[in-house]
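Just dropping this structure here.
All chains are identified by letter, namely A, B, C, D and E, in their written order; residue positions are counted from 1 within each chain.
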Amino acid sequence: MAQELPNKSVIYERQLDVNFADLMQSMPGGENLRRCIQCGTCSATCPFSHVMDYTPRKIIYLIREGFKEEVMSSFTPWLCASCFSCRVRCPKEIKITDLMYLIKREAIKNNHYPPKTPIVSLTKESVKMIHKNGRISEGYLMGIVLLKVSFLKLLRMSGLGLKMLLTGRFPLIPEKIKRHGELKKILAFSNKK
Amino acid sequence: MSSKPKVAFYWCASCGGCEEAVVDLAEDILEVVKLVDIVFWPVAMDFKKRDVEALPDKSINIAFINGAIRTSEQEEIAYLLREKSQLIIAFGSCACFGGIPALANLYSKFEVLNDVYIESPTVDNAAKFLPQTTSIDNNGKQIELPEFYSQVRALDEIISVDYYLPGCAPTPKLIANTINMLLGDNLPTAGSTLLPDIALCEECPRKDSKPTDLSITEYKRICENLVDPEKCLLAQGFLCMGPITRSGCEALCIKGNMPCTGCLGPTSRVVDFGAKAVSMFASLSSGKNEEEIEKNYAQVMDPVGTFYRYHLSKSLLRGKLERGI
Amino acid sequence: MSTNNKEIRIGFYICHCGTNIAGVVDVDKIREFIAKKDNVVVSRNYKYMCSDPGQELIQKDIQEHRLNRIVVASCSPLLHEKTFRNTLEKAGLNPFYLQMVNVREHVAWVHSDNEKATEKAKALCNAAINRVRYNKPLEKKRVPFHQDVLIIGGGIAGIHSALILASAGKKVYLVEKKPTIGGHMAMFDKTFPTLDCAACILTPKMSAIKENKNVVLWTNSEVIKVEGYVGNFKVTIKRNPRYVREDLCIGCGQCIESCSYKEAKYPDEFNLGLSKRKPIYIPFPQAIPNSAIIDDKTCIHFKMGKCKQMCLSACERNAIDFNQKEELREIQVGAIIVATGFKIYDPQKEPEYGYGVYPNVYTSLEVERLINASGPTAGEVILRDGTKPKSIGIIHCIGSRSEKANKWCSRVCCMYSLKLAYLLKKHTHAEIYNFYIDMRTPGKMYEEFYDRLLMERVHFIRGKVAEVTDISLVKEEEGKLILRVEDTLASVIRRIPVDMVVLSVGLEPSEDTQKLAHILNIGLSAEGFFQERHPKLAPVSTFSEGIFIAGCCQGPKDIPDTVAQAGASAAEAMAMIDAGYFEIEPITAHVLDEFCSGCKSCINICPYSAISYDESKKKVFVNETLCKGCGTCSATCPSGVMKQNLFEDDQILNEIEGLLVYE
Amino acid sequence: MKYFYYPGCSLRGMGKAYEESWLKVCQKIGIHLEEIEDWNCCGSTTYLGFDEIKSLVLVSRNLAMLEKEGGSEVITPCIACYYLFNRTNHNLRDYPQLKTETNKMLQEVGLTYSGNVKVRHPLDVLVNDGWMEKISQNIEKRLERFKAVCYYGCQLLRPYCEFDNPKNPKNMDILVSLTGVDVLDYPLKTKCCGAIITSNIPEKGLELVYVLLKEARKRKADFIVVTCPLCQFNLEFQQEKIMKVYEEDVGLPILYYTQVLGLAMGISLKELGITRCLTLTPEFERSLI
Amino acid sequence: MSEQNWEPKIIAFFCNWCTYTAADLAGVSKLSYAPNVKIIRVMCSGRVDPQFVLYAFANGADGVLIGGCHPGDCHYSEGNYKTLRRISLLKKMLTQFGIEDDRMRLEWISGAEGEKVKTVINEMTENIRKLGPLNIPEKFITWDRELEKRNRGSEYKLRV
């Protein structure tokens, strides 16, 4: 699972992206990135750090040193549950969770992320759904995501879906806002820029 | 031509009290007249401007000018007298500091004219005419009239002044002394004020009744309170300007049971009469916190009018800053 | 206005202060600008004006160019006015013909826009040129320097300073808030890196305080007011009642034994609540003064008003006095040394570490007491349930290096954690884990001590523990405290079960620092410790002349550094005292006698009653020895006859004009 | 008393029971809610991984409409919405550039947003706006026979929580106690359940839910009270699997605090949506009546 | 002076013991603040004569800041109370002259409050910026233009 740095060869400076840290630091949420003292409180408090390929601390370090490739292909941001434990504990007030969003945004913008990551699909599909309907219908969304990731899984999960359907928690008709043209117009405007 | 010194008197923006003061010399005036030759005194004798213009430059020995400068006419005469005179005496508080007329510097020219010519209850001016700088005389000829300036100025803001004799009005004794001094051989330093450079307390008959631990809890107004005729007025809480004002008047007002209002102006070491007055009166206040202090000052209704009664033209700020034209 | 008839010849000097000033202010531009001013004969810039060559430059110019006014634009006059006045004096010029411009503290250091900073400096320099024309020659005044010294705080810093001063024959007042001196050091077991016993090196010094005739020791006392100035401080000290007469009590403890409370019931402050004491107690066996004290908050007599007062009859020396009241004492001293120490960070501010929740989480200071042979467990390291720990985790940097707690590194925690690791290992043979962010061991023999610890088979895990919890995930964790940490060097998350957790808490300013700063009018730095006058060159001076600081009240530091500072403070105070007098600014007021009308407005204004009324002359006069030079009378005087030297109306008015009107 | 109200998508989907019970409770104690007309999805944290500005715009549209109606406060029962709304306010405040851009987009449809609408959670409103007395007055049957733990989850407390102590929150404990339920000490109440991960990559997050359930069982809780639709779902839906993997019975019903309040107020199980609960065993159902 | 380039000009009188020391502390702590305030050192805020304030305004200051020790902390017992009394009365008078309240500010800043120096200076600068220029010297010139029309300009200058 853990994807380690290629330790068989020496890393040459030209392999690193010297501007990566500046780019991250320049975006809202990334300001304090360079103040990290590598204490590891974030990783120690993170409920998922043990299943991440790089711990949050290490991600920050890799960003700082320009290991763009390693960061972008890491599962870590996609395993972040947005629980904000690290964010509130960081002694240097680095917005680590926001940093994870920054990485995810870069990844989706450039189509550069680790393969077969369900959360990537989830993100993409939920955005699509919001843009289309203005609201999210969880049942549909999960169905679509599972379908994309693995049909087998969908089958396995269908029992649950049925239960949810029966308890009325996966409504059959997806919710839609009334003036969804309005929303489209707003969101389209930002694309123009 | 007589060899007696030539003297001129002129009256600018003032109440006329200074002219009265000269006349008040009573019999002494005859002594004066004996000694000098009066060449210009519009209030008392029929001289015309052209008479003065006809005089050679510096031919007048002493010109006493009273009143502040408010109009172009006053300005013009001041210049004329400066050309024709050896010594110019700013006579009275208005000429020295702007005087009472200078309190108009808290208002715009329009406000003043409007008040005097239109709003005043005794005025009948339905057409709302205001003074103009030109007019047509009975013969249909256009004539030029003096301009009313936006400011009241002390004399030395217009021309250089050799000596100052403040007072509202200067007391007969001061006038007599001054004339004697000027006619004598030892002239004081140019630009000086012909009064002792020491504050009025020096000659105040109530000086000894002033305590050394003065602390004022309430400033009183003379119109609302009974005055102890023996005790220091400041110690009674009245805003007596004696400590800030020059001596020389023999504390006449205080002898009349009235606090000094400061007509003789500050001593030579003070830059701004009102600011110094604020400083002193405030220092004597007993207030320990903002609330007490504010309460203390409640009776100081009109600080500018109180502390700059005669000096607004010569104050550092000269008047109200925003007041239109 | 008269400016001493003589032709005025001004010399102007602007200092680069290395790049401190020149890096922000365009000094060449200022020099050229001032050179064009009337009366300016010489205008120069120079790298370091306060250096010898810089001062010699001024002296030479004074002589060669017959300068009679000097303006130096450099740092704060509070720092170097004296230096440059001496320069003038050496060149034969009256020192008060100097005017300084503060272009460092008030310009270069606080503005980043070079152009605007230069413009401001220009105005300030112009004002000084304007003002200096009106400066007058003045005579310096000397006032006798009071020979006694006050030391606030009876920890190792205060004790050390006191002993040095006392051995030089100075009378010292040592004021301590607690009932005994000794401070934090008295609580420690061993000291790093030598591991000598704290008590063994401290208690002789504590006794020496008691024995020394030159030291007046007031414990249980607080400074509540300081008036005056260097050489002549008037200090008010509040002595809280002890209810036991120190002069009679010999510390035999009979009273304690006979106290109505049969069992000790109240948390013992000295042992940080790890043991109990009675309402009447002696803080610890070696306490100085070794006298009992009654805590009026817990004593039945004070609480209920009725008690058999067994202690009273038990004391053969009749030392107990329930009627003692708090007293105010006023003393005169020439100098003050502040050595009020620190307080430890309260780990309850970070509940994640479980302090106050899990009984087996201790602060490092509590562990000092646990290890200490005279501590609550007589040196046996046992947990609150009486068991011996088999594994111990020491978490560094609690409350330090964090924007959320204290930003600074507390400097001593790494070393004391190593020490505790060593001692705990010796006492318990437990498995010891140190969790650190960076290991900081700068100091003589400190790195060597670290090396020794590495060889002691102590674990060093680089990573800060995020949480102490008792929720187990696997069997071996049950009943233990589990530390979840990222082992940053191995890049893995670890869970480490331990029996005991030691929180290496940081140091922060003690409670009363702010209050005391107020009383003494000395500054606090951003982190809340007392501000030294200069971080390198005046580390024990403050901006208030005659007040010195020593030890942790200036910032976290270890014992060797504390003692060094204490010695430095004592020496600097002594240097001042031994001069015998102190030169004060001749800034007193005087009356232009001839022109005073005797209006008396100034008399009641003077806070020092320095102005009186002469009944025969009917004028006021100033007693210049009483005058302290505030200038309030001068501002009050309604006819401008009260003048304050160096701050005369025309000097200030011209300075104002110079700031606003130039070019 | 009228409040503006933003339900959010979850309360119309898997959190349906939350809205049902919340509305019932409001009705009972006299809180009048006005739903923001034609509200849209806040985007949740998922959207933050896509686009910053658009995520701000999504939230701002709702709040701009609310401001247009004259509102200055909004209640968001879903904690993800609560976080996103607060985040939007903070970011608009902290980064003026973002505010300008957001408003430029909103102006396309004639809206602007100040960034100042106060975001409230029911736990804040009920405790701090003086509704506790009303709740107590409406308690019909006290639930003294039950023990429970309150579980707050993440985004209500972190990083923005102004109404309670984020390290040791109390408001839910206080409210649930009003019903007579014995609220147990629960040190895990602020821990993450890993919902978003667990529901997508179940194998990664089982442990988190297992610990939460186990600890609640250990403390003899009869159910866990939650405030987040995603937590509720996650804690329910993993139970079966966990019991298989860990071979341990840690099953517990998961209820919303609004359901507990409603129960004590005598509202029916169906009305409160308790019947939608996946873990509703017949015995538990019986015990509730 | 163009309105655009205008920068508030503020004269400050700081007492030697507290506020001036605090300003030095702000310097030592490298706090950055607006360059608009120029400081004049006096021994005590009690030395501040209302004449100084008016003189500063008359010479072109847009604001005047006076800093002294906190009440009760004055190095000279209670010089700061006298300042407070003077400033209150002076403010009352300045209102009549049309000078806004915010143009004169009295602040208590102890030697330990370097941070407060920064805040007060920045606040004052911004307040004055909002009020706009006072610029009395220019007003005087405008007033006297009516004399200049007659080519007889007075040589009026401030006396010292």
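The criterion applied here is as follows: a contact is a pair of C-beta atoms (placed from the backbone, for glycine too) under 8 Å apart; a residue touches a chain by one contact, two chains touch by 3 or more.
Computed from a prediction, not measured in an experiment: that's the story for all the values here.
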| item | value |
| --- | --- |
| Co-neighbours of chain C and chain B - touch as defined | E |
| Fewest touching-chain hops separating chain A from chain D | 1 |
| Pair with more cross-chain C-beta pairs in contact, given C-E and C-D | C-E |
| Per Cα centroids, the chain farthest from chain C | B |
| Farthest-lying chain, centroid of Cα atoms versus that of chain D | B |
| Distance from chain E to chain A - Cα centre to Cα centre, in angstrom | 56 |
| Whole-Å gap separating chain B and chain D, where each centre is the average of the chain's CA atoms | 81 |
| Centre distance in Å when chain B and chain E are each reduced to the mean of their C-alpha atoms | 31 |
| Centre distance in Å when chain A and chain C are each reduced to the mean of their C-alpha atoms | 50 |
| Chain B residues counted as touching two or more neighbouring chains | 270-271, 276, 279, 283 |
| Of all residues in chain D, the ones touching two or more other chains | none |
| Inter-chain touch pairs (all) | A-C, A-D, B-C, B-E, C-D, C-E |
| Touching residues on chain A, where the partner in the complex is chain C | 37-45, 49-50, 54-55, 57-58, 89, 91-93 |
| Residue numbers on chain B that touch chain C, as the complex places them | 197-202, 207, 210-215, 242-244, 247, 266-271, 276-277, 279-280, 283-284 |
| Chain D contact footprint on chain A (complex, rising order) | 27-28, 47-48, 51, 77, 79, 81-85, 87-88, 97-98, 100-101, 104-105, 108, 118-119, 122-124, 126-127, 130, 134-139, 142, 145, 160, 163-164, 167-171, 175, 177-180, 182-183, 185-187, 189-190, 193 |
| Chain C-facing residues of chain E, complex | 7, 9, 11, 16-18, 20-33, 35, 38-44, 46-49, 51-52, 55-56, 59-61, 69-70, 73, 75-79, 82, 86, 110-112, 114-115, 118, 160 |
| Residues on chain C engaged by chain B in the complex (per definition of touch) | 592, 594-601, 603-605, 612-613, 618, 632, 635-641, 649, 653 |
